[in-house]
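Two complexes follow with chain A in common, the first pairing it with chain B and the second with chain C.
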Partner chain A sequence: MFSKTALILLAFISVAYSQTDDEESFLFVTKQTVNRFIVQGKELTIKYGLYNSGPTTVFNVNLNDVHSYPSKYYELLVGTLNPKWERINAGTNLTHVVVLKPKESGISNSSHAIVTYQKSEKNTEVQRTYSSEIGDVYIMTGREYDRRFSSHVIDWILFTAMASPCIVFPFFLWFNSKRKYELLASKDKTTKKAQ
Partner chain B sequence: MSNQRSTSRDEDLLLQDFSRNVTTKSRALFSGNAAVVSAIPLWLFWRIHQMDFSSYFIHFILGTIVSTYFLNLAYQNMKFILKHKIAQKREEAVNREISKIFASDKSANKKDKDDRVLTRKNEVADFEATTFSIFYNNTFYLVCLLVLSFFVLKNFSPTVNYLFSVALSTAMVFLFSTGQK
Partner chain C sequence: MFRLLSMLSTILAFLTLIILTAGQNCESPQFKVTTYSTQDARLTTESAAQLEFTVKCKNGKQPSNLYADINGQIIPCAQSVSSPGKYYISGSAATPKQLARGRISVKLYDDDSYSALRKARADDAVKAVKPFGEVELICSGASYGPWLPSEFFAVIVFGAIWWIAYRERSKILV
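Coming up: the complex of A and B.
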């Protein structure tokens, strides 16, 4: 009877202990974009953050995000979409940055990156986890971006140069004539007064 | 005989004075100006709103034709209204000007002098009304267009932006020119 309760108690304790994750670590992976706007033909920066939250080291970490950015639609400029790290120590994190260039415009969905790792050096059992996702993004065309954001100072200056003759020239003609006749009229008024 | 001739000449002058019809030269001037002023903003739409000519040329042509036509009408309306006001204002000054010219010429009679004054007054009023009408309508049109296109309709699609800004600014210029008394 006593041994039975002891056994049950031991079982409870071991379950409770295992649930506090004393010996295992989990990797949390975030994926985000640093850009405010995603423009076709301009650089897009993706930042992956890997956080080892537990008390033990994880080994053979492998991030795979090739499926999110096929080379047909994205050109890879800097970094790799399939990095590997030997280990991530307990309580540390690391970031990985990839720079891409979207080739086409429109709505694009990039899904989760897949991260696989081993919890111990000896145990080759691979744990798989998924990163957060960015979701649907709108890639605007280069033209739209220029339209909204570039400063066009030269364009405005040239427009002013083109439009000013249409305004200044007639004004000048009218003003000259007006001044001439008003002067004539006022001169005669003064001579009349003098008389 | 000469009496009849001078009377019909008086009538002609009066008709010309009160007629809304513009001379060919005036018409050419107005049309040319209207076309130029309607065409200039196209450059702005091309460069800043990134509306390329190949995909938007129908809109551009339509917009330019409509605005040229109504700007032309606006010029004529405003000129007609202004001409009379200016003629009244300039009467005295023109009188003095012609008197100075005729002071040296003793053979001229009063009738010739009056004719001359009337013609000269017409000319001056015509010229000033034309130039002021062109200046004022151009400025009004361009300011309206710029405000509408780059502030009010800034976030709409380029097509909507162009068509509405041209239509509204043309309408405003035209209505304003007909409204004045």
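Coming up: the complex of A and C.
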């Protein structure tokens, strides 16, 4: 029982000391994709979230993620992979959205984004932090995605074209024989009437 | 004589201060805006939108910092490192309804109007602060795919063909 209280006391002291230790802020950066699937040739939306925890403003924030998405494999559609903010106030939550288009399919790995910032306006010492990473992703080919999600109109038209001989040929047989017998029946009627 | 000189110098200093600050401000800005919003809702879990704009000032100066008012929260705009002069405002919405089809107006504040906004406490004072400018986010709305799937039409067409054939067949077989 004594050790338990000692432990609790120790925990309290350590928490109190860690909180009052530095009055500086720390920037948390998350990087995630909002896509359900990543498809070659379709838009890939990446969302960077920056959160300034702590009581002070951070200055000169620079996010660099150019190395994760080389232009050989990804085309940049919207946004920039290298944004900067002059200042981020305490407790604010920022989002930055980038839309890319993967050029190739297969497994791809995107690493952390590098974020540098200054903790105070005068102190030019640059603090470097890394964002979370998305890790290995599978980029499916356009054909795989279409097989599941496209509207399949062309497929149905082709199907109708291929199935139409099976339908049209018997239809013509029936139609011709029906017309022949109806003609015969009407001829019979007129001859019967005449009789 | 000495008092007059000191008064004159203070007035001169005051005037130069006004001129300097007036020169730094961006007069009558013009915005050139490109907007983007998520188009395929089946591909993404959240809708994202982004405004990219450039500012052109009459006196050729660029505002150093711009803040945007999004849903009541004032956030700083991102600037591009590689191409200066481009500003970005991004946001994402968990439900596509928040970024439904239409136009959303976003107010922009520069350093001066932002500090005025922070000083204002009452709601009226907040509304009275004149924004630096206003840009519009044009949302095209995210699509969930076609209203009726093509399989529906295929079923209708082939069902109709079958029904006609069945009707004629039952006439003959009776």
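Following the convention adopted for this analysis, the second predicted complex is superposed on the first by the 135 of 195 C-alpha atoms of A that agree within 3 Å, B and C clash if a C-alpha of one lies under 4 Å from a C-alpha of the other, contacts with A are read in each partner's own complex, and residues count from 1 in each chain.
We adopt the following convention: a contact is a pair of C-beta atoms (placed from the backbone, for glycine too) under 8 Å apart; a residue touches a chain by one contact, two chains touch by 3 or more.
These numbers come from a predicted model, not from an experiment.
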In the overlay, answer first, second, both or neither for which of chain B and chain C A:85 touches.
second
For the three-chain arrangement built by superposition, which of chain B and chain C touches the greater number of chain A residues?
C
Can A:152 be said to touch chain B (first), chain C (second), both, or neither?
both
Contact-wise, after the overlay, does A:67 reach chain B, chain C, both or neither (first, second, both, neither)?
neither
Using the superposition on chain A described above, determine whether A:143 touches chain B (first), chain C (second), both, or neither.
first
A:162 in the overlay: touching chain B, chain C, both, or neither? Say first, second, both or neither.
first
Based on the superposed arrangement, let me know which partner A:173 touches: chain B (first), chain C (second), both, or neither?
first
In the overlay, answer first, second, both or neither for which of chain B and chain C A:181 touches.
first
Taking the superposition on A as described, I'd like to know which of chain B and chain C A:128 touches: first, second, both or neither.
neither
Overlapping contact positions on chain A, where the chain C interface meets the chain B interface
152, 155-156, 159, 167, 171, 174, 178
Residues on chain C engaged by chain A in the complex (per definition of touch)
36, 38-40, 42-46, 48-50, 52, 64-65, 73, 75-83, 86, 88, 90-92, 145-146, 149-151, 153-154, 157, 161, 165, 168
Given the complex with chain B, which residues does chain A contribute to the contact?
143-144, 146-147, 152, 155-156, 158-159, 162-163, 166-167, 170-171, 173-174, 177-178, 181-182, 184-185, 188
List the residues on chain A that touch chain C in their complex, please.
34-37, 39, 42-43, 45, 47, 62, 64, 77-80, 82-88, 92, 94-97, 99, 149, 151-153, 155-156, 159-160, 167, 171, 174, 178
Which of the residues in chain B end up touching chain A in this complex?
33, 36-37, 40, 43-44, 47-50, 90, 92-94, 96-97, 124, 127-128, 131-132, 134-135, 138-139, 142, 158
